[in-house]
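Read through the structure below, which is laid out as structure tokens, and then see the notes.
Chain nomenclature is as follows: A, B and C, assigned in order of appearance, with residue numbering initiated at 1 for each chain independently.
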Amino acid sequence: MTAKRASATSPTIWTVLKWTVAILAAVIAVFPVWWMINVVFSEPGQPVSINPRLWPTSLTAGLQTVHVIFAETAYLHAYMVSVCYSVLTIAGVLLFGSAAAFEFALFDFPGRRIIFGIVMLALMVPTAVTIIPTYLLTADLGWLNSMQGLVVPGLASAFGLFMLVQFMRAIPADMIEAARLDGASHLQIYWHVVLPLCRNAMVTLAILTFMQTWGNYMWPLLVGTSPDMYTVGQIVGMFNSPLSHQTVEVVMTANLLAAVPPLIFYLLFQRKIVEGIAMSGTKG
Amino acid sequence: MRIISKLQGGIAGLLASVALAGAGAASAEGVTLEYWVYSDFAAGDALALQQQFIAEFVAKHPGVKINITGKGDDDLTAGEIAGAASNTLPDVFMNGLNVGAQLASVGALSNIYDKWMAMPESFRAQFNADAIKSCTPKPDKMYCLPYTGFGSLLFRNLTVLQKAGVDTSKVPATWTEWFEQMKKVKAAGLYAMPDTTMVFNSVAEIYGTTGDASNWGIDWATHKTRIDPTVMTKVLQKFIDMVPLNSGTSRNDQATKDLFIANQLAFHVVGPWVDPTYKQAAEKNGLKYDFQLVPGDTPDKHGGIKSYEIVGVSPGPHRDLAWEFATYITAKEQMGRWATLLARYNGNAAAMADPKVASQLLITKSVEAVKYAVDVQPPYFVGTVPSCYLATVVDIAAATADGKYTAAAGAKEMISQLNTCLAE
Amino acid sequence: MHLRRHLPHYLMIAPFMLLFAIFFLFPILSGFYYSFNDWNAVQPAKFVGLANYQKIIASRDFARSMWNLGTYIVITVPLGILVALGLALLVDNFTGRWAHVFRGAYFLPVVLPSFLAATIWRWIYAPNFGLLNMMLGWFGMPSVNFLNNTGSMIYCLIAVDVWASAGFNMIILLAGLKNIPTELYEAARLDGASKWQQIIHITIPMLGPVLFFVVTYGLISAMQVFDKPWLLTGSSFTTYGGRGNALLFPVMDMMGRGFGAVKFGEAAAYGFLLTLAIVMVTALMFVLRSWSDRR
């Protein structure tokens, strides 16, 4: 009897709770970003400390600040550098990483375990250890202030390999065997069978790689010393330096502008993630 | 280890051949100097004037090209150290006196003593003698030319002071008078000061109200701090006294400037670089403020710190031309124009005395402030101040303000910890 | 014959392995070599044996930063994953447009560069008039100087961290959730299992491999935490770690010793001590996994 009553009322309690928690969490996740947008698009000259900026007050003031920043810094050029840096890195990480992961996850060959073990060990060495030796190497190659200097040293991502191997291990061996019996070559199996299956993981890795390269500060700082190689991070760094005499709106605008391409990238790719999830869902 | 060096040799060889194939084209034409400056010197009007200096210099040296690049504080340091490591240093570059020792130790800064001495007396006499001394750790070693500099100033929000019933025409002459005014501000429900125990420079600024150059900095011969316990006791007591009056934000926080502009904060002890922000607020939202010397314990003494940005020359193949360019931008005519544009004090004393420059109040006040202020981290170019030194000063000052130590015990503890840190 | 059979495998891993050997393995080995040397990246290295390691272990900052790191990972990794799992389960309970909206909202912080997150949160944590203190004020509570109170600093960092990373882990876990066959839940429902029992007995075990990935990656990256505490404390190469070194972490100290004090040999030695810690923690994870598999 009690069980019956519980089943009658609990769905509504559950629903109310579900909605409350979901909305609360959404507010916490989004509000800081909303707040920053409000700081940018607000009446100029009003200090943040007496006006906590719960909504935007002036679109034109924000656009004016954006205009000033674009005029005074090479922000647009930095966008281009950052986009090239990210896109090339993503392409390389996905291509080289998936090819290697394909072998490590699905086949056995002499030395497989030991080579994979070494790569995994390297995953645990903090980049701060290798940054100076890698920098010296890049300088010796004559790659300072060049796109290849920015991109190439980061292409062999141990993390990407680890992640793709984890996902590819779930692919049933029968599937590979069946494809082989159908007469598919090694490369064809990789390209037509395995890659489509781990599209989901590839998209996730692409997003992660994008975030890492877009937010990467130290490496571009060392390699791209001349202004025509400045990334967005470096431009923002100039505004964020503690003794910068910029006001809050300007600093926040410079920061917000850095987030615009990731936000666009995210909106574009969110659908891809959903598709990927849906695909693997029907499979299960 | 042999394997590693072999591997290194092998890869280096391989890379060298690749590098050779890639190079070649760039260096055929005339000389190009790379010139690195602080990021705010490479934006807006400041950049325009820098480019004008470059154009003037290039006019006298046909075929020379000079690329100016702006970088933030830490980015300059990282870039210069990395540049020294990979032999890609900029030819002329800026940084702060406080990282001079590191830059000299990696050979980024070349010893310019001979070149300096070869300059005519009329040039050498233009500079502030103390600033030149800071660049010259030993009689035959000189690493920099002083560029822009600062002495801390006391920025006063006049609206806040009036609201608190303080007579703003009466500038506090001593710490006691100043502290009385702070208490009045607090009584009016406003903030008197930022939290001065949060960053090293603001601790140093308050130290300057009691102490002086003879009991500040590090004695590198004995690896001991020169901080005097009785002076530090007095200074720590000031921090304890100021606890209820402060805003909880640091001297450098964006938030502190924001409070000042919002008429919530009465005093801000800081360098002159905040002035453009405050001036803009004065024009746009009627902020009423002025700047004065930081009061000291006695009427004839003033607190605060001073330091200089420096211009260094790297030991590369274009060293002579780089030096010539460095002397051009630091000479009286250029430093005068530079000071006029930015309303910023700099190390060229002759330029500061020029009537057109001296008519700017911010500069005259800065010239005064520099006379009294203590150096931030003396002596320069001798040893690298370890991070534990700076951290200890701040931590003990803060802990004492929080009530963990009495002023006397805090001073004792600080000095003993500083000496341990220096011994490491 | 033997080689011919395996050649395609080696060819496929060759591009990755070549880049890896040049730009990772070689720098790691040379870093390892420099960790036994007094080296400022410019002058020739001078062999000093274990002196760098000894010096670091003896320094007072080492114990402090390791303690901070321990406290940090013990809280941030489980908490972050718990929050992410909660969000994933929550989103899984919505369908259509709302699932889309909530998932989108929770993922938003992930796409922001970390310098941006730190800049925003510095304002949120500001004393007296920061957003958080303003809210405390509504309940009549006194202002807290969050980023300058040695007791609260690390929790402030953890909050930012969870805020920034929960969305990413949520997406991964969500993908795992979608892969659990619905028949399992139906069978459980027929057996009369409650929602909670379904989570404990079906969801979590079925998520095992995905959870393992999320936890392991979370641990490895948490142990290399750098930019958020660096920016939250307003650090620079010469002073870092915040008040009382309460937000000092190993990688921050490495950067300071490297670019601040120009002792790259010491920084490298520090890095390998940290590597050792990471290897031990990761090994522990693998041992735990095989132990739980066997059970």
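Convention: a contact is a pair of C-beta atoms (placed from the backbone, for glycine too) under 8 Å apart; a residue touches a chain by one contact, two chains touch by 3 or more.
It should be emphasised that the depicted structure is a prediction, and the values quoted were computed from it without experimental measurement.
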Exercise for the section: Between the chains shown, work out who touches whom and classify the graph as line, ring, star, complete or other. Expected result: complete
Handout entry: Leader among chain pairs (count of C-beta contacts)
Key = A-C
Problem - Distance from the mean Cα position of chain B to that of chain A, given in whole angstrom - result: 37
Handout entry: Distance from the mean Cα position of chain C to that of chain A, given in whole angstrom
Key = 15
Exercise for the section: Can you tell me which residues of chain C touch two or more of the remaining chains? Expected result: 22, 26, 30, 41, 123, 128-129, 234, 236
Problem - Interface hub residues of chain A, defined as touching at least two other chains - result: 48-50, 132, 136-137, 218, 237, 240, 242, 251
Practice task
Two or more other chains in contact with one residue: find those residues in chain B.
Solution key: 11, 73-74, 78, 82, 85, 252, 254-255, 259
Fill in the blank from the handout: Seen from chain A, its contact residues with chain C in the complex are 14, 18, 21-22, 25-26, 28-30, 32-33, 35-36, 48-50, 52, 95-97, 99-100, 102-104, 107, 109-110, 112, 115, 118-119, 121-130, 132-134, 136-137, 152-156, 158-159, 161-163, 166, 170, 186-187, 190, 200, 204, 207-208, 211, 214-215, 217-218, 233, 236-237, 240, 242, 251-252, 255-256, 258-259, 262-263, 265-266, 270, 273-274, 276-278, 280-281, 283-284
Exercise for the section: Write out the stretch or stretches of chain C touching chain A in their complex. Expected result: 6, 8-10, 12-13, 15-17, 19-20, 22-28, 30-31, 34, 41, 87, 90-91, 93-94, 98, 100-117, 119-121, 123-124, 128-129, 131, 134, 163, 166-168, 171-172, 174-175, 178-181, 195, 209, 213, 217, 220, 223-224, 226-227, 231, 234, 236, 250-251, 254-255, 258, 264, 267-268, 271-272, 274-275, 278-279, 282
Handout entry: Contact footprint of chain C on chain B as seen in their complex
Key = 1, 4, 7-8, 11, 73-74, 77-78, 81-82, 84-85, 98-99, 102, 105-107, 191, 195, 198-200, 247-250, 252-255, 259, 384-388, 390-391, 394-395, 398-399, 424
Problem - chain A-touching residues of chain B, taken from the complex the two chains share - result: 11-12, 15-16, 18-19, 22-23, 34, 39-40, 43-44, 67, 69-75, 78-79, 82-83, 85-88, 90, 252, 254-255, 257-259, 261-262, 264, 271, 273-274, 276-277, 280-281, 284-285
Problem - chain A residues within the chain B interface of the complex - result: 44-50, 72-73, 132, 135-137, 139-142, 144, 218, 221-222, 225-227, 234, 237-238, 240-248, 251
